[in-house]
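Structures incoming, each one as structure tokens.
Here subunit A shows up in two complexes: once beside subunit B, once beside subunit C.
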Partner chain A sequence: MAKVYNWQLGREMEYPYAGGDRERQFAAVFNINRCIACQTCTMACKSTWTHYPGQELMFWNNVETKPYGGYPRSWDAKLLEMQETLDPGGQNWAGTGQADVRSPYGRFDGKTIFETANGTSERVTGYLPDDDEWKAPNNGEDHGTKMGPDGAKLPVHQGWFFYLQRICNHCSYPACLAACPRNAIYKRKEDGIVLIDQERCRGYRKCVAACPYKKSMYRPTTRTSEKCIACYPRIEGQDPISDGVPMETRCMASCIGKIRMQGLVQVEADATWTHDPRNPIYYMVHVEKVALPLYPQFGTQPNIYYIPPRWAPREYLRQMFGPGVDAAIEKYANPSRELLALLQLFRATREVIFAFDVIPGPVAQTLNVGGRSRTIYDDTVVGYDAKGREVARVKVVEPVVTRPGSINSI
Partner chain B sequence: MRTTHADDDTRTGGRARRWRRRLGLVATVAVVGAVAHIAGFQPAVSQLATVNAYKADADPGMDPSGGPWARIPGVAVPMTAQATTYPFGGDAIPAVDVRALHYNGQLFVRVEWPDSSVNDSTFGTTLFADAAAVQFPAATGSKVPALCMGQADTGVNIWQWRADTEAGVPQTLPEEDPDGVADHYPITDDLGYPARYVGNPFDSTGAAQNLVAEGFGTLTATPEHPVNAAGVHDGNRWAVVFSRAFPSPGEGQPNLTEGTKTDIAVAAWNGQHQDRNGQKSVSQFVSLDIGDEPVPPDRTPWIVILLVGGLFVGVIASVVVWRITP
Partner chain C sequence: MAEFHVTFHPGGPAAAAPSAKELEAEDPYELVGLTFEVPPDHDVDLLMARTFVEEYALMGYSRPALRKLFETPFYAGTHDILVRRGPAYVDSVLDEVFGAEVPGDEAGEASAGAAPADEGTSRG
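Showing the complex of A and B:
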């Protein structure tokens, strides 16, 4: 085991491989507050990559309803329970964040899925779901719950639920890669995308068992495992309409709820992010800290970041997104001028936005929110592609357009 | 102490019974020994570290259950759970029976091992296949490579048979799962099967794979498919025959001929135990001698005659002894 630095945990951790060459990392921010679970992202992915025989139960992108939903069933609860069993009472966060890119959420004092596997015959703690567990990708849809002293229980519609949008996290320290005895999984230095080499894979399913997010899936018609490929031809700018610059993935670009923004961030050799506050993903993750990783305590340093839902119990959210939840929700509920402007850039263009600027505008409105006075400015946010060209320009106040009566026909 | 006639009779009768038992035992041992010798059965691997590849005078085919295999001495090669590298484990199949022969420039190796369950489908995330493999040094006459996948300067050649690949390639969920439903497959070209598109050997109909390796994690299928394999399960045991033509098909694969002395190791996987990859039972290398000794002739009729004759002699002898004993 090598020692690597995991900034989401604020400490070094053990991983089978030392860090390699890294240039950029695929990353995205998903705003849970905006999602309506229309599954357009799911179908965009399905109709592009997984509609062939043997991929019937395979959803590289899925949207599940928390707390009951899970694809595969109870994937997170099962692993959390395993981790707690292997490190009883120890899965805790401690220390205070140093408010820098090396430990923004403090320090995790528990054990990662690599560390709980120490002394076992496996490299990673995990489990292999059976086919029944994959058969209901939207199980528990819209089942609300209410947190009581014994946790969350039915009956429904007394409390809360939220949608969780999931794709492969293209982790900085992928558990799938760590577990593969074939060296068939690799992480690209140019964009951090994690891929399974379909020529080398021999279907051992160690990656399926190891991935804590269960985003490596077995395909029985080829006897190999497959996973989200981050639409890499689009990320490479190979799409004919991309003009050579990276385009967002199909699931991102199809999001009608405008909840997703995808980016590429510069990374250092130790997988920390290079200071770049003009990059929208960097800005939301490291400057505002409004977007948080999913189950960072598993230790893979996942790269999909979530703006947590404002209405769900904080205790539940802290377990899911770490100790940064309270500050993130506060930032989202009372955003800065820059953040409010940046949130308007979501889905404003299909090109990956590498930089953004905010052009100050006049006061649009003064509000009283939760007893606090807030001023909304009609700022303008501008997004730039990989070549520095302007690809989006949006104002905070959405312009009102009145349809002329002449076209108001049914 | 005075004894009675009755006591003498009792003592005399006891001696006679002991005599008859001894004679019966000797006769039985003699018959069993003769049958075992003629059948060519040789028990312990500790006394037999060499698998002799006998020269056949007819094509043995790929059926592991018939032909000349019953006439070839089986070498019991002990197995242990793989404990050298991740992923460890295996169902610890205690031993495999290994036999070999050659015919017309083709080597045949037969491996048989106990397995009460047939696992020949991998159409499910938690389903794993029964399998077996034989491993040879990449080059004969050189130093013996590391047992586990060889090393950088001394590779290995592995022939693997899998029950699921022999059973064929499953096609769609509805075909495999009675509860499976799929509305429509809009496209079914090879582009939608990346593994097939790039030539992954698991996505093929062949039961055998020919692989080369030079260390852990380097196992690679060769582009050519020179190895055949076929397996039969009799309810309690798998028997698998591998075969390949003598000449080396390519780099990393041994060139064989009559007179070749090399090494062979065996691995077996129990799919019921979720064995795969390093989770397997493995043997050490044992010698493989491709010689000119012919396959022993079929002595089944003689065995039957000897058995019947032996039993007849035994019965007669017992009757005679019983008669002449006072």
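Showing the complex of A and C:
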């Protein structure tokens, strides 16, 4: 095993390969607080990439209801339990987050999924889900609870819950890649996208077992494994409508709730991020620290970052997103003027935004947010594409159009 | 507690009365839940109500527009809170966000001070 640096853990860790060349990394921020689980993203992906024979149960993008089953069912609870068994009492964080990009959340002292596999015949700790576990992309939420003479009843949640949007994390240290005995999986230096070479893959499913997020899936008709390809022709700027600049993926661009923003960040040889606070993804992850990685303790350094839901119990969230949760929610619930403006840039354009600016505007209203008085300004936020051209300009105050009740029927 | 009802009529109205079936835990298609202890002071209605109100208020929504989100049954999340806790509860949350005068303007002023008067930002 080589030693690599994992900034999300704030320490070096063991990984089967030393880091290769890196230039840019595919990354995204998902704002859980705004997702309505419409599954438009899920269907945008499915209707583009996985509607062929053998892909019936394959959802490269899915949105699941937490803390219910997940897709595949209980994927996270199962792996957390395995890790706890292999590293009893050890899955803990220490220290406090630092201002630099090398240890923003403190240090994870427990063992990663690579480290708990040490001394076993596997390179990564994981498991292969049963076919039954892949049956629904949002088990629980989308199932009727009762059939009766009046029809089927859908569940009404009385406790807390939230939606978790999931795609491949195009991890900096992919577990799928680490586990493949054929070296069929590779990570591209130009954008960090992780792909499975369908010619080399023999369908051993080591990647399916190893991926902690269960985002590599087996296709019986081709006897190969497949996974999210990050819509790479769009990222490469090959889509005719993007005029040669990177364009966001199908799941991002179609998001009804405007919860998703995708980007490309510059990375160093050790996979830390190059200082670039005008990049919106960098700004949210490293300046504001409002967006956090999903289960960073697994050790793959995933690249989808989540703004945690402000209403869910903190202990649950700390296990899911690490020790940065409390500060992230504090930042989100009472955002800086700049962050508030940036949140409006989500889904304002389909081009990847490489830089943003905020132009101060007039006072909009005064509120008491989180127990503190604050003024809201109608600032303008501007986004720029890879060529530095302006591609989006929106204001903080959302325009409201009220349809008269008489024509308000769908 | 209100419940949604989706009525469907396979084969026409005559066949529209399926027998009532209770939830069976071992049915693989039934809800598979995980249980978590929720801290006793975790008032999920209050946290959700504040989330709804503050999310929209930060984007410039007015108090009357937000009150409508609770009154209209088509907005199930907000309306459920009104049904469960009553209008006075909803008004108290709205009062808190829109009404109260409290000292200090932490995030707003701090950030406004950092931004140059005309354009651009302080990042970089």
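Methods note: the second predicted complex is superposed on the first by the 380 of 410 C-alpha atoms of A that agree within 3 Å, B and C clash if a C-alpha of one lies under 4 Å from a C-alpha of the other, contacts with A are read in each partner's own complex, and residues count from 1 in each chain.
Following the convention adopted for this analysis, contacts are C-beta pairs under 8 Å (C-beta built on N, C-alpha and C of every residue); 3 or more make two chains touch, one makes a residue touch a chain.
All figures in this text were calculated on a predicted structure; none of them were measured in a lab.
Asker: According to the stated criteria, A:181 is in contact with first (subunit B), second (subunit C), both, or neither; which is it?
Answerer: first
Asker: Can you tell me whether subunit B or subunit C touches more residues on subunit A?
Answerer: C
Asker: With both complexes overlaid on chain A, does A:205 touch subunit B (first), subunit C (second), both or neither?
Answerer: Once the two structures are laid over each other on A, A:205 reaches subunit B alone.
Asker: After superposition on the shared chain, which partner residues are touched by A:371: those of subunit B (first), subunit C (second), both, or neither?
Answerer: In the superposition, A:371 contacts subunit C only.
Asker: After lining up the shared chain so the two structures overlap, which partner does A:34 touch, if you call subunit B first and subunit C second: first, second, both or neither?
Answerer: second
Asker: What is the contact status of A:280 with respect to subunit B (first) and subunit C (second): first, second, both, or neither?
Answerer: neither
Asker: If we overlay the two complexes on their shared chain A, which of subunit B and subunit C does A:398 touch? Say first, second, both or neither.
Answerer: second
Asker: I'd like to know which partner A:338 touches here: subunit B for first, subunit C for second, both or neither.
Answerer: second
Asker: Name the contact category of A:257: first (subunit B only), second (subunit C only), both, or neither.
Answerer: So A:257 meets neither subunit B nor subunit C here.
Asker: Using the superposition on chain A as set up above, list the residues of subunit A that contact both subunit B and subunit C.
Answerer: none
Asker: Considering only the defined contacts, which subunit A positions touch subunit C in the complex?
Answerer: Touch list, subunit A to subunit C: 33-34, 67-69, 73-74, 77, 132, 135-136, 139-140, 143-156, 158-160, 277-278, 283, 287, 310-311, 313, 315-316, 333-338, 340, 344, 357-360, 364-365, 367-378, 396-398, 400, 402.
Asker: Which residues, counting only subunit A, touch subunit B once they are in their complex?
Answerer: 51-54, 56-57, 121-123, 128-131, 134, 181-183, 198-206, 208, 217-224, 226
Asker: Okay, in this complex, where on subunit C does subunit A touch?
Answerer: Listed in rising order, the residues are 1-8, 17-23, 28-34, 36, 38-39, 42, 44, 47-48, 51, 54-55, 57-62, 65, 80, 96-112, 114-121, 123-124.
Asker: Which residues of subunit B touch subunit A in their complex?
Answerer: Touch residues, subunit B against subunit A: 86-89, 122-126, 164-165, 169-173, 176, 180, 182, 185-188, 192-200, 202-203, 216-220, 276-278.
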